[in-house]
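Residue numbering begins at 1 within each chain, and the chains themselves are lettered A, B and C in the order written.
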Amino acid sequence: MFLSVEEIVKHYDGVRALNRISLQVRKGTVKGLMGPNGAGKSTLFHLISGMESPDSGRIWFQEREITGLRIHEISRLGVGRTFQTLQIFGNMTVVENVLTGMHMRIKGGLLSSGLSLPWIRKGEEAAMKEAKEILERLGLFGRWKWFASQLSYGEQRRLEIARGLAAKPDLLLLDEPASGLTYPEAKQLAQTLSRLKEAGLTLFLIEHHMGMVMEIADEVAVLNNGELLAEGPPDVVKKDPEVIEAYMGKK
Amino acid sequence: MVDQVHKEFRRRDLLYSGALWLLSLIIPDPQLHYRREYRFRKRDLFYLLTILLLPLIWSDPHFHHIMVLGGIHGILALGLTLFLGYAGQISLGQAAFFGIGAYTTAILTTRYGFPSFLAFWASALTAFLFAYLIGRPILKLKGYFLALATLGFGEIFLVMVRESPRLTGGVIGIFDIPFFSFAGFIFDTYLKQYYLIWGVLMGLVLFSKNLIRSKMGRAFLAVAASEDGASAVGIDVSRIKLGVFVIGAAFAGLAGSLFASVMSTANPETFSLNLSVLIVMMVILGGMGNLYGPIAGAIFLTYLIDGLSRYQEYSLPIYGVILILLLIFFPDGIGTRLRIRLIYLISYWGRKRRREKVEL
Amino acid sequence: MDIWATLPQLLSTGITFGAIYALVGLGFVTIARASQIINFAQGEFVMLGGMITFFLLNKIHLPYPLAALFAILIVVLIGFLMHLLVIYPLRKASLPILLMATLGASLFLSSTSALLFGTLPKALPPFSARAPFEIGNISVSPQSLWVLVAAFLTLFSLYLLSHRTLLGKAMEASSTDPLGADLTGISRNLMIFLAFGVSAGIGSVAGIFITPIFYVSYHSGILIGLKGFIAAALGGWGKHNGAILGGFALGVLESLSVAFIPSGYKDAIAFIVLLLILYIRPKGILGSPFIDSRRW
């Protein structure tokens, strides 16, 4: 199983955020994670990406256990993520943001970089080319020299995805990628994500934008109050009474 | 009639552009955002030539002396700028590593007869080691607490130095440190020391520039911008912070070694918190995210301190006031404000003249 | 020399010092509760309290209580001025800038004090009888008791201020939720302004109470400030009772250490404690409302 979460429990200061959650993501699919605010979706992402450790339970990625590994170790295994609160690097240019995404794939350490050895420079040139290609794919090429802080919000969101792609991950975790986007921007994003899926990337996304999720997701899981309510194809989950109750409230 | 007006404009425009170009050469990079050094530009050549030729043109030994000190401060500021200006972490302990370097050289050359060239590298190594040991636990802290921890380390260092007279000469310090010598050439005059120190500084600038332009430089900026974002792309944040810290400390160690070889004495009074504060000020005034700025800041503040010394007991209060004023008016660095203001002034002047002309 | 025999005496000295550190720590906590700023000039307020009282007593020949009172008022004024001239202009500045500014202010205050009052250490007469009295085999000077009284009175008043009065609650609100405080009409800058005054007052009180026991000189400020901060962090950063607990803990630790290591290293103890707290348990003994240990 590509990504597997087993009996995960997480408490924060006595509040139970996740209660024995188990779910799976199949390779090459798009899985949506939905639920009202406070359901524990971001917490789950924090646990998968390594920002926190679960109180109990295990997480497996590509047949390797990743529970308790540190964030950058998990990233290096091929898991990328974007953040709900947009964590781009505003102090660098657009292309540099993407280049940073390629950090693990560029060779070199502190000493060799400082001495600017010839293979460092070659690596930089190759990386620059690739970075520009990624920007092209996401429609940000024209702004490559701009500072990241100068982009519009929607463009910054795309930049964060570009940066995530630069690491050539096998799994990309997207935390509310469409939040704050206008309707046309969200549609564009959905198209981009579809294209990524076709290229072989596995996507796991948290999203409130019902329409978008229903359109591109192969499978959806719904959380509420730290419990898994339903898991399955979007059409089936949509009709699940517990899910409807969670979102709409009791009649 | 119209042609005349046009010609006037062209001359004036030339004048403004010329003035702006000259200004852009001598004022360090303006920093509205953290700006990256992309390539070597004409400006770098200009700086290089100035540094090389200045002491020959202006042969006042006092000037040389100040520039020697300024150069040493420049190395300290350069080390700190990687840590503070790029990676965004605060350290109030540069003076301690400076002291470690100075004492290492002092002890090795006076007591064990090491040649200064070897002592030079040994100082860097010692500072590197101390920074490595201290850095691992300390760098987990953020903001004020990191600043305080580095401050604490600095104070502990001073206490240790004062309480170990057999090793470090205690409060009195170590004297008669031999001048720096290399391959039989002794750097005993201010002029020679100037070239030694600025030579080392330029080498370190080259190293730093390479770092900044590489993936490591991006990693530093990433850590400053968002540690979560940096980890998410596979950057080992603690290792990067430790790396920058250690490099900054090594630079300080080198500076300390040169200082000992130039001043011939080492005593604890020099390596106080005040010096660490001064170095941080150089980085802030030079502009964060800027490589040359802090060096210019170093020269500026060295001159300032020297100029204030004539006021004797009034010098410290005045220094305190100037410090606060500089922080209030130039939080982004002097270069930024100055250039923005000058550009604005010049363009305003130009527009005013143009308006006058049109209102003929 | 029997170490164990000297311990009780050292303990009593430690408690005296501890009370001072506690007071200084309370000063830090007051400003930090209102503004998340750590005021490096706090120690200077302590120093100035003692210095100005000495000046008023010996040069202007005011009666002792009056001199003390005026000194406190003057230092509170200095605290207000520091806010207006240094902190307020930098209200939007980033952390390193603010840090440097308080350090600059500290430098200014200590060097100006050297200028105005000279560099010799000064002492003040004790408040009541000179002769120390005996408790068991420990000699306790009455002044030490005054110091303890001062510490607890201050703690009590601050507690009343921040938990019982509207003003105190306003000050805390502006620290934990600046936007919310603004929206409910609390002027954040005013709260910080007041906090500076209160901290300066506490600091000067500490200075006046401690100077009869130990000399004060223009450079005492920095060290005592740092130790006061370490005390506050040790006990639990941001909590009033944390500052008290930390103060006494640090004072006793420092004092007892003299029995085991050469006295020159005494000052280093405080910094070693600092590094230990920051490394092992940054929240401090009692825990801290300000430090999020989740992602520490």
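Definition applied: a contact is a pair of C-beta atoms (placed from the backbone, for glycine too) under 8 Å apart; a residue touches a chain by one contact, two chains touch by 3 or more.
Keep in mind the model is a prediction, meaning the values are calculated, not measured.
The chain occupying the central position, as judged from C-alpha centroids, is B. Averaging C-alpha coordinates per chain and comparing to subunit B, the farthest chain turns out to be A.
The mean-CA centres of subunit A and subunit B are about 40 angstrom from one another, to the nearest whole unit. Averaged Cα coordinates give subunit B a centre that lies 34 Å from the centre of subunit C. Centre-to-centre separation between subunit A and subunit C, using Cα means, comes to 48 Å.
Looking at subunit A, residues 51 sit in touch with two or more other chains. The residues of subunit A lying in touch with subunit B in their complex are 49-51, 70-72, 75-76, 80-83, 87-93, 96, 99-104, 106, 108-110, 113-116, 120, 123-124, 127, 147, 149, 160, 163-164, 166-167. On the subunit B side of its complex with subunit C, the touching residues are 84, 90, 137-138, 140-141, 143-145, 147-149, 151-153, 155-156, 159-160, 162-163, 273-274, 277, 280-281, 284, 313-314, 316-317, 319-321, 323-324, 327-328, 331. Those residues of subunit B that touch subunit A in the shared complex are 33-34, 36, 207-208, 210-211, 213-219, 221-222, 224-226, 228-237, 243, 247, 289.
Taken together, the subunit C residues at the contact with subunit B in this complex read 38, 85-86, 89-90, 93-97, 99-101, 103-105, 107-112, 114-115, 222, 226, 229, 262, 264-265, 267-268, 271-272, 274-275, 278-279, 282, 296.
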